[in-house]
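Per-chain residue numbering starts at 1, and chain names A, B, C, D, E and F are given in the order in which the chains are listed.
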Amino acid sequence: MTTAPLSAETKKNFQYASTATVATQMLKRGFRNTAINGIKPLNPKAARLVGPAFTLRYIPAREDLDQPPKPGDPPSAQRAAIEETPAGHVLVIGTEGIVKSGTLGDILALRLKVRGVAGVVSDGAMRDTPVIGRMDFPVYCTAAAAPPSMNSLHAVEVQTPLGIRGVPVYPGDVIVADEDGAIVVPRHLADEVARDSFEQERLEKFVAIRIGQGREIPGTYPPNDQTKADYAAWIEAGEPETWPK
Amino acid sequence: MTTAPLSAETKKNFQYASTATVATQMLKRGFRNTAINGIKPLNPKAARLVGPAFTLRYIPAREDLDQPPKPGDPPSAQRAAIEETPAGHVLVIGTEGIVKSGTLGDILALRLKVRGVAGVVSDGAMRDTPVIGRMDFPVYCTAAAAPPSMNSLHAVEVQTPLGIRGVPVYPGDVIVADEDGAIVVPRHLADEVARDSFEQERLEKFVAIRIGQGREIPGTYPPNDQTKADYAAWIEAGEPETWPK
Amino acid sequence: MTTAPLSAETKKNFQYASTATVATQMLKRGFRNTAINGIKPLNPKAARLVGPAFTLRYIPAREDLDQPPKPGDPPSAQRAAIEETPAGHVLVIGTEGIVKSGTLGDILALRLKVRGVAGVVSDGAMRDTPVIGRMDFPVYCTAAAAPPSMNSLHAVEVQTPLGIRGVPVYPGDVIVADEDGAIVVPRHLADEVARDSFEQERLEKFVAIRIGQGREIPGTYPPNDQTKADYAAWIEAGEPETWPK
Amino acid sequence: MTTAPLSAETKKNFQYASTATVATQMLKRGFRNTAINGIKPLNPKAARLVGPAFTLRYIPAREDLDQPPKPGDPPSAQRAAIEETPAGHVLVIGTEGIVKSGTLGDILALRLKVRGVAGVVSDGAMRDTPVIGRMDFPVYCTAAAAPPSMNSLHAVEVQTPLGIRGVPVYPGDVIVADEDGAIVVPRHLADEVARDSFEQERLEKFVAIRIGQGREIPGTYPPNDQTKADYAAWIEAGEPETWPK
Amino acid sequence: MTTAPLSAETKKNFQYASTATVATQMLKRGFRNTAINGIKPLNPKAARLVGPAFTLRYIPAREDLDQPPKPGDPPSAQRAAIEETPAGHVLVIGTEGIVKSGTLGDILALRLKVRGVAGVVSDGAMRDTPVIGRMDFPVYCTAAAAPPSMNSLHAVEVQTPLGIRGVPVYPGDVIVADEDGAIVVPRHLADEVARDSFEQERLEKFVAIRIGQGREIPGTYPPNDQTKADYAAWIEAGEPETWPK
Amino acid sequence: MTTAPLSAETKKNFQYASTATVATQMLKRGFRNTAINGIKPLNPKAARLVGPAFTLRYIPAREDLDQPPKPGDPPSAQRAAIEETPAGHVLVIGTEGIVKSGTLGDILALRLKVRGVAGVVSDGAMRDTPVIGRMDFPVYCTAAAAPPSMNSLHAVEVQTPLGIRGVPVYPGDVIVADEDGAIVVPRHLADEVARDSFEQERLEKFVAIRIGQGREIPGTYPPNDQTKADYAAWIEAGEPETWPK
């Protein structure tokens, strides 16, 4: 089922790991095209984002169909996405790269936040970015644009597969995002990728301590037997910020 | 109904008019974003294309899902499009601009031609272009690429709205294409746009004769009353290539 | 007259409204191509910009004509723009998208600021961006570039119509800019667009309060009769930050 | 004076030389940015183009100003360019790279041809390219587009300096174009560049004969004393296609 | 050894197969990034190209180092490539995508042809394209540009690995090119990929005959047992153009 | 020798001057293509960067050669660059513009910092940008990307000439970078360019004071005799922030 929530452990593991680490785990499984690059969080302090994808697809606007909203308009796929994206999910919006209009503005973003949605990832633009950029709500996009969506875009459907900047996203895939961009993890791989990402991230924390102390890369990263033993001792000691003291 | 054929008269009118003329008629109705630019026919001698759109949508490939075809594979949306596009229709293929793989090769293009499909328009690439380029079958695309579609693309669905190079295409819209590109005419406007395009095209044929004779643009184009009268006489005379003699 | 100042009320209204709101008002009047996207203010704290456009046009440099400045050089169109842009106006600089050189540096920007010019909008680059980025002076551009303008650019003329990232700008048009980009309002529409933008912005402030309280989008935005009545009461109460208490 | 014709000798020299040769002569004089790349002649058989530039500048269209032409419209800068470009001159059209509409169609191109204009160079698109592509009239552009100019473009002025794909063009500069693109020669250098281009071209014709005979590049190109002597003899013999026999 | 020639059989097999077929064989071996797209042969009649790569790498020019050639200049990497590329090899030229200058002109191309080099592939431009386009010599590039290479480019080294439009090329890799672009086959895989490409191409010739006769795609492509039996009979019959008669 | 350190005075002069000033000095010497635009420091507080270039060149990855690192892998050119870039030098990384993978992550960046390297400039992406962005270490790049380098890149060689966004970089050239981008100064010109940049920067500091006081541009910049005299007095007075008091 495409709107199933993540297990608490998988969510925790993905929140611990950087996207750099998750991307390495995906490469180890033969996936080279999982990173959505070129997107940035509007609020750098609200960058960390983990959750299953709920998708919304836009096409270009047509002058007769796409007009400023009036009371009584039939519900659009955009409005469906706003009210139907489950709490904890990530609304992934595909525009085929059109950035002449915002895909969402501050009021719709606020509604998503109030409903408990985890965040938004789009290959398009957002409007009202000065306001969204101050919300405690992760919104990733490629640009800012003042015009409302119907200026240049038409919402077609929700929950179909999308391409986002050349990366496929299927409903239910797990989105993990930070300032490096977003990684798309196919849902059936989520638990194992999350678990291995946690392990790799923890090792790299230790490695960074060692490199900061002046160790050379060879022997430290990847770790040789001595470094592995030191790493085990460091975990046992409670993973302190400095080590050995 | 989205797969209804065009009337014989509308088809004839669109085949008479250039896309430049059809685009002018669309502008007169307030549509400024109907022209798919940047596509070219692989065979310049088989460029003229008119028909209702049947759509196929691709997203980027994923390494585990998109592999070389094997006997026994379940039918894909691509294969559905090949067998289901009605005779006289135009297969419109959206790729979100991915040109790393061909959307079709010579064998599938040949199958479409044999089935009586009018032609193909894609924002992506074609493969086997040396062969398709010699077929008497209009195939418009933006590039050539040798790899098979599953190298970089995954067919998702047929008969949903698409964006093609920033222009919306709904199933059943009429596609009119020549070397200037393709115009997308919303289906409910097709008959009147076709009729007025015929009239404009015929007038411009006469105007071109006059300009070739050394007339100035003012008074000739747009026509003043004298030019209009001459035009009426020219029609009456059977629309000869040279005029008055 | 192309250098007439804005009325105090129109200026106040535009300063109250976001560019997202002004763009919606333009769409309501049938204008879909008024937003200059992809420009950013060098100093995010000095982003809000309103004023009539004074234009400067650059073309690419030619090696023999464009050399480092020497005392005694004849005055250039660039220097004319620096000294002639009226106080309260926005200097709009068109480069046809060339970002290899800065269109202005810190000294010329400072001169504009001292002269009371409202700010600068360019489709090109600025140089000395670390310094300009700390000025209390709105400068919008697409890039930073260290080389002086004559490295790659030649100033041709002031006060002729320009295209800025695909949007037409006529001298005297009103520029309204914030972090979402800039909107170009034709001068003859400025007063009414400003007035309606004020009204829309105020309504959306109230709507945001309601959405933050958990109201659904339908009925709240666009407002139904109950929301309209609540909105009227909120205005009467002095537009408080929270409502009803 | 910016519409002075070329001398017969300079015209003849430029028609003899390739743009590759003219570009080399410009580089020898310190000009590295004189080549307009990325433009192609619509009719490859009518590619050779030499003449002084007459310029026309477009900006993006605005919905209220740019509508389909009606009888009685005031004359536009576009129509001025059509009637005023002197015979023997090249109409150079700048669009800031907008290719969504054609800058000219077949009727206006035909009028230019009838008036004796040498040809057209544009950084934009042309419409009716199937027709223009069969005219004996050199039209260089970057794309084809069916919509009429006012769909996306507004003609502003004639005979001001332009940038064409990053290259400056001043009214009166000499345009020399072939399938490699166009070279812009500042007018005051035209006679000497033409003369030296003729000389270089003639030498390279001889060099090509020698290389075709199996000579090595060193000693032949650039020519050593022996090659120079052979070259002088070849000129004396009437510049035959094969040499020595 | 990086300049070893291909075996006669491998060369014959690659000359029989289309790049579309070779790309499919590479995908079957897990290689998704082997196709150099966006390059075209200057002479469509001289498009077919097969041979091992000999590489030449350019970087951007610097004004003091890169001047018009003078007699007595030290030999450059460009001239080394012209004289050292072995007969039967393909000169692969990397420019990092710079198309402002030609990488080669007609005289150097002619020298390569005379020396027996198989052809040229470049991600840059060529100059003198009207002349090269008439040679019986396959030259693939992305653009035409009149200026000589030193206008914008500096030749650095031969026979080091390159990236060409995002595809890695190592000296000695086999280049197979036609109008669909070029495929880069790592040298150690060349013999088996060539052999399997021959087999696939031959099968697809038969399949195309069947599809032209009205067969459906399913069962024909990929072939079922009946089609395989028919194919075997067709081979036995000498691979006639029409079948069964 | 390509890894010679800068003199203390040259380093001090370059650290005093902005890149805008250094670019002007280069233009005065006839160099128009020395500015690497479009790169940004990950940590804006650690933007100032001066040092000789040590180069590393990447090409695109190949699936069989570029796999996740394993203990026992042979040393790569990337690892050589990490351990061999001399203290005080700038590691310049060329990727031909590929931004799908990070060229370095936080651990390798930390190792460079610990070793005393001055900083990094790349036309590619970095990974772990949230961590590197907090280091007191100048790292300039064009993008962020989570995947490790071998996902899309292969390190080929160190200390060969590179092109970085169209600008040539030779080993040993001096890199001067700030938020406007980076300037590449050929090594043999470094001392004089640094000295003249110091002088120009000091004059412009004085000019900015004057302009802030309301002086017009003419007479102040470039300085006339009076301004020159005032400038001399200001230097004598110890270059105070405000002047004359």
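Definition applied: contacts are C-beta pairs under 8 Å (C-beta built on N, C-alpha and C of every residue); 3 or more make two chains touch, one makes a residue touch a chain.
Nothing here was measured: the structure is a model prediction, and the numbers come from that model.
Number of steps on the shortest path from subunit D to subunit F, with steps defined by chain touch: 2. Fewest steps needed to get from subunit B to subunit D, stepping only to touching chains, is 1. Over half of the residue-numbered contact pairs at B-E are shared with one candidate from A-B, B-D or C-D, namely B-D.
Simply put, subunit A must spin 120° to overlay its Cα atoms on subunit C, rounded in steps of 5. Per-chain Cα centroids separate subunit A from subunit F by 32 Å. Note on chain placement: the centre of subunit B and the centre of subunit F lie 50 Å apart, centres being C-alpha means. Looking at subunit F, one finds that residues 32, 63 touch two or more other chains. Interchain contacts (touch definition given at top) occur between A-B, A-C, A-F, B-D, B-E, C-D, C-F, D-E, E-F. Contact residues of subunit B toward subunit A in the complex are 30-33, 58-64, 96-98, 154, 156-157, 160-163, 166-168, 186. Note for the complex: subunit D touches subunit B at residues 63, 68-71, 75, 79, 82-83, 99-100, 102, 105-108, 110-111, 114, 125, 127-131, 133, 143-148, 150-152. Looking at the complex, you find that subunit F touches subunit C at residues 18-20, 22-24, 26-28, 32, 34-35, 37-38, 47, 178-181, 183, 204, 207-208, 211-212, 214, 216-218, 221-224.
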